[in-house]
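Heads up, the next two complexes both have chain A, just with different partners, chain B and then chain C.
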Partner chain A sequence: MFSSLVASDSHWESVIIEKMLLSMSNDKIVNVYSESEHIHEVLNKLDDIHFVNDCKEADFVLLDEQEIEESCIKPEIVFSYAKYHHNEYAVGVFFWQKGRPTMRFSAKHLQAYGLVVKGELSKYVSSSD
Partner chain B sequence: MFHQVTNTKRSEKVIQFIILCLIVISITTFSYIEYKNTIEETTDKLNEKFINFHFETFSKLSDIFLRETHHNFKTEVMAKKELRDRFEDMLRLISVSTVQNLFVVTRDKDNNYFILLDSDNNSQTRSNIFEPFNPLGDLWDHAYKYKASEVFHHDDNKDLWITIAYPIVQNNITVAIIGADISHKLDTNMQTKLHSFGTFFFWIMLLGIGWFIILYLITIYLRQKVFEGYIDTLTTIYNRRYLNEVLLKKLSRNYQLFMLDIDFFKNVNDTYGHEMGDYVLKEVALRMKKLVREEDALIRFGGEEFLIYTTELSFENSVDLAQRLRKSIETKSIKYKDKEVFITISIGVNHEVQNNESFDDVLRKADDALYRAKMDGRNCVRVAK
Partner chain C sequence: MRVLFIIFILFSNILSAYDMDEMLDLYRKSSDLSEKTKDESLGHITVYSRDDIERMQAHNLSELLNSLRSFRYDENAIGMPDVLHSDPSVYSSGVVKIFINNHEITSAFAGSGLFIYGNIDLGFVDHVEIYEGSTSSRVSSEPAIVTIKLYSKDPAREAGTNIQGYVGSRGSNHENISYASASDDLKYYVYVSNTHNNRTKYQNKDHTLSRDSENIHALATIDYKNIKFGAEYIDHKMDSFLSLSIFGTPKQSDVKYDLQRLSSSVTFLDDDSLKLSLSFVRIHEYLNLNTDGTMLSTGLPNLLLPTDSLHSKDTDDVYNVKLEKELVFKKNNLFFGAEYMKKDLHDTASYRNGVLDTTPVSVDNTIYSLYVQDDYILFDNQIITASFKHNIYDNKSDVDEKSFTINQFRLGYIATSKTSMFKVFISEIELPTEQAVLTSVDSASIEILRIRDISIEYNKHIGNNLFGISLEYLENENSILVLSSNNAVKKYNNNYSAGVTYDYQFDGFNKFHSMLYLNQYYNHINLEPETVQGANFRLLNSWKKFDFYNEANYYHVKDTQIKGTNYNIGVRYKATAALIFSLKGVNIFDSAAKSKYNYLQMNGFTPEVKSLYISPIDRTVTFGMEYTF
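Moving on, here comes the complex of A and B:
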């Protein structure tokens, strides 16, 4: 998938986040909720990602810097390893590490939501996180 | 020299010029290509040395890491913060300005990579220990598996040049990898200098070509100007000035002189006017021009008198040439507008030029022969005695 190192850019981010979401979803279109403008900008051109206004209608929550209300309990994708490490709802994380796009899925949290990572991204599932 | 120049056709000058330009351009291009190749070879050698320099540094660093962690590098580094801090200081110490990232990664039991040490001091970009590391490609796995350093060239990346993965091997097992992302910065300093010199050299060469072309054009222009001074404007053959300033200085040891005069030319002017007279002069000159060789000189000596200077002609050939000249005028009438005239010429040939004879004497003898031709009824050739 990654043939060379790339600097952080929104193109790569959109490709990777889309792949992460689709690898965990059984539907062709994934409903996501995010309050982050950056995430909206990165993903708004993707046909298979649909932003919803109500967190409860979402399949996944994409959590950048913002916090969301506690009543919305949905599997979360976060964008910092520290948040991923301390967030019991975070099923996956995407961040830039030494100029390299890095992702990780938590086997424990995936299991809690009954989710499975399919395809080539399954190798990023970690049981130790 | 002028004789040679003035005898050179314009098309030949153009060809000469193009050939010279092609030669200069070829030499410049060849030199520049050679220079670029040398730069590339030099750069490759420098790069190789640079990579080897990093290998040696990482080798020494690896030795230090292992010396300070006697039992298990990975476990001890993960357990002891002081050790991590000291090792990260060492990483910072060897990190030169070309190194973008310098870190140590290792693998967990699932073979997932994570950061063990990071030389980055910036709190924004620094990786926290145990953060996952995305290996991207086979580089790291190869280094881990084969216990050998690996280099990945980022050919499609503007910011990065290479990534080096250097294995830290303890008890014949790879326990971690020193990773370094290296940019072009230092290396390109040298390249920039070399390329700057190359560009400078190239522009100097171009300037040289420019000067060469300008000088060549100026020379042609000046020669043309000089040449124009030796040409009779009416007939476009050489004038008497050419005879005096050029030809007399270049006389061959064996030359022949032909004096030619248009018969009854005054009648043409009187009967048909000067315009017709001028046209007759032009036409006669043109016909004669076709019969003389490139190396010969056809000169308008004055009025309706012409002089032909030839070299190395035998007596028979001289007479034959004179007769052909005469016939070329006699056989065909000259038509101008609605007028037509039949013209003849008389020719005096001085074939036997003595070694010690002055040009004036040679000329006088040719003139005497011409006079006899006139006396003998015109439209004929007489040879000097």
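Moving on, here comes the complex of A and C:
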């Protein structure tokens, strides 16, 4: 039990991204698409996150440094603030700023997809983005 | 029993129910950049993570050097950081090497940049790694007993502006501002600080002993694709404490130096396995030392001068070029390296008691090095590391031996499991006696100091507990006194060190660290063995928006007056994610172990040795604020 209190960075990264996805979803299992090897490594052991091979089947796209096909139009979670700022499909971002990891959701983009952030993560929704 | 079981379940559930802010904080702690930079094969490592530095409110590096087995923070008779300080040597810590972003800060005169960096402000630092015992020759150009590595903040994680400031006892103050930006290819970080450090003053025979200092520090890092640039400027002025006075009677004196550094590293090939590092460090040094009575630099034959002085300036340049290739071949992780270093102390103008010194100190050394290291993977969790380094010195100073070579050998074994780690290193290093000192004595000749070292470390996790033990045996062969060639005493000396550690991790936010250690080493000044007993205890706690810090460091040189405990406490309040207030007390009971400074007192015509006992750590309270936007 106590060993989980000092978990690795990938453990906390997976928990945080999982909560971001579940907070926007009404389903118990969230289908995600990503071309990032790192994202696959971080999330592949989670029971409620299912990776799909076709973007069309995904509920969300997790976009790291790779580019994806233009035809893939799904709500995205990105991992750099610069990408978040210029990406019209980005509903959320998980990034480092001022020495600390943080997250943000775009109220405008969430509304465009008919999504709502539930629970404690609602305080990270920004209406100015 | 049932009640205990329920309490146990309840407690564990409470501990596991973190909110998102706490999870983000835990992620930050667990993804500390030290996990990417530290190298277990380089030695026995102590890491101060970003989180540690912030929660300890460590304002400068000296505060992180008080809880190590090898030494505690100390200062020499001029007030400079000199952790191996021993009178009457001018500087003793040449074998403690210091790096910033893998570039060595060193000096032609002192052999180490520790005299500048030993109490550098930490506002720009992300984390610090300290390697003790048998450090790998792959890292530093010349042999080292302890290696300190500082890493500046990563622009990719620091985007934005940060302002920090604190005010403290005796009117001390420090302010810094930094800015970072990161895009896909280009990242940069800029930092500027200003410090006024007003230290505790002491009196000796109506003479004031002061270590006050002022410091301006600027640093910039630029990363463009696979190229990294670094630039640094330090302007430092300090009162010079005892000013090398033989009788402990300094007059108004100061030391000033300014440091300029340019560094660069670039990787080549698709796998970045070929790395070129370039570094240039220039230090202008100005000494304005004045005393009643004779100075140490003048020497004992002129013992009865009414006043004395040493006014000098010089330029200390160090150039460094290093090329390293990493090659993976079957189970071998090989490193091949070639290094060029030029140490040039020049343009020296020195006046001793108003008279121009016609043979001032100079250093002109070129060092060529070749090294190889193999980390062989014996099994999945066991490696054997072996390294060899050959240094060729081309010496243009005024010494008998113009060219000589030294070698370093090292063999190590590391075994890790999920809950334990075992390390053993055996090494032999050779050190040439410092050139600047040799050029100040007649008939100087190079002496090679051979050091053999064996060190062992074992750590075991059991639940939340971490138990550790470290042992080191070091023999100094051919150790000599280098101040005067007529007083050379060759010795073969044994030194022992043992430490036990116990850490307890309450949860992700609360931890306890402790260490007890015992060192016995040969003091080459008083020609006797000395025993040092020490203990460190540190508690870091968090509760809601508050971080608490408690630390006690006990240090005792057996059968001497050097005995005491340094108590530090601190609290931080995170008012918002962007605004933090802090309050810290250092050496709050003014009970830290003191350092001994010898001086002479004339009894008629007979000089008697007397000692001053003064702590290198002042009792200080600071109040600080940090704001990011």
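Heads up, the rule we're going with is that the second predicted complex is superposed on the first by the 119 of 129 C-alpha atoms of A that agree within 3 Å, B and C clash if a C-alpha of one lies under 4 Å from a C-alpha of the other, contacts with A are read in each partner's own complex, and residues count from 1 in each chain.
Everything that follows uses one rule, which is that contacts are C-beta pairs under 8 Å (C-beta built on N, C-alpha and C of every residue); 3 or more make two chains touch, one makes a residue touch a chain.
Since we're looking at a predicted model, the values are computed, not measured.
Contact comparison for chain A: of chain B and chain C, C touches the greater number of residues.
Contact with chain B, but none with chain C, is seen for A:127 once the two complexes are overlaid on the shared chain.
Once the two complexes are laid over each other on the shared chain, residue contacts for A:81 go to chain B and to chain C alike. Once the two complexes are laid over each other on the shared chain, residue contacts for A:100 go to chain B and to chain C alike.
When the two complexes are overlaid on their common chain A, residue A:13 makes contact with chain C while staying clear of chain B.
In the superposition on chain A, A:51 makes contact with neither chain B nor chain C.
With the contact threshold set out at the top, residues 2-7, 81-82, 97-103, 124 of chain A are in contact with chain B in one structure and with chain C in the other. Residue ranges of chain A in contact with chain C, taken from their complex: 1-9, 11-13, 15-16, 19, 65, 81-82, 96-103, 120-121, 124. Across the interface of their complex, chain A is touched by residues 12, 15-16, 19-20, 23-28, 30-31, 35, 50, 153, 156-160, 162, 183-184, 463-464, 505, 507-508, 577-578, 628 of chain C.
Interface of chain B with chain A (complex): residues 100-101, 103, 108-110, 112, 115, 127-128, 131-134, 136-137, 154, 156-157, 159-160, 163, 179, 181.
Per the touch definition, chain A reaches chain B in the complex via residues 2-7, 81-82, 97-104, 124, 126-128.
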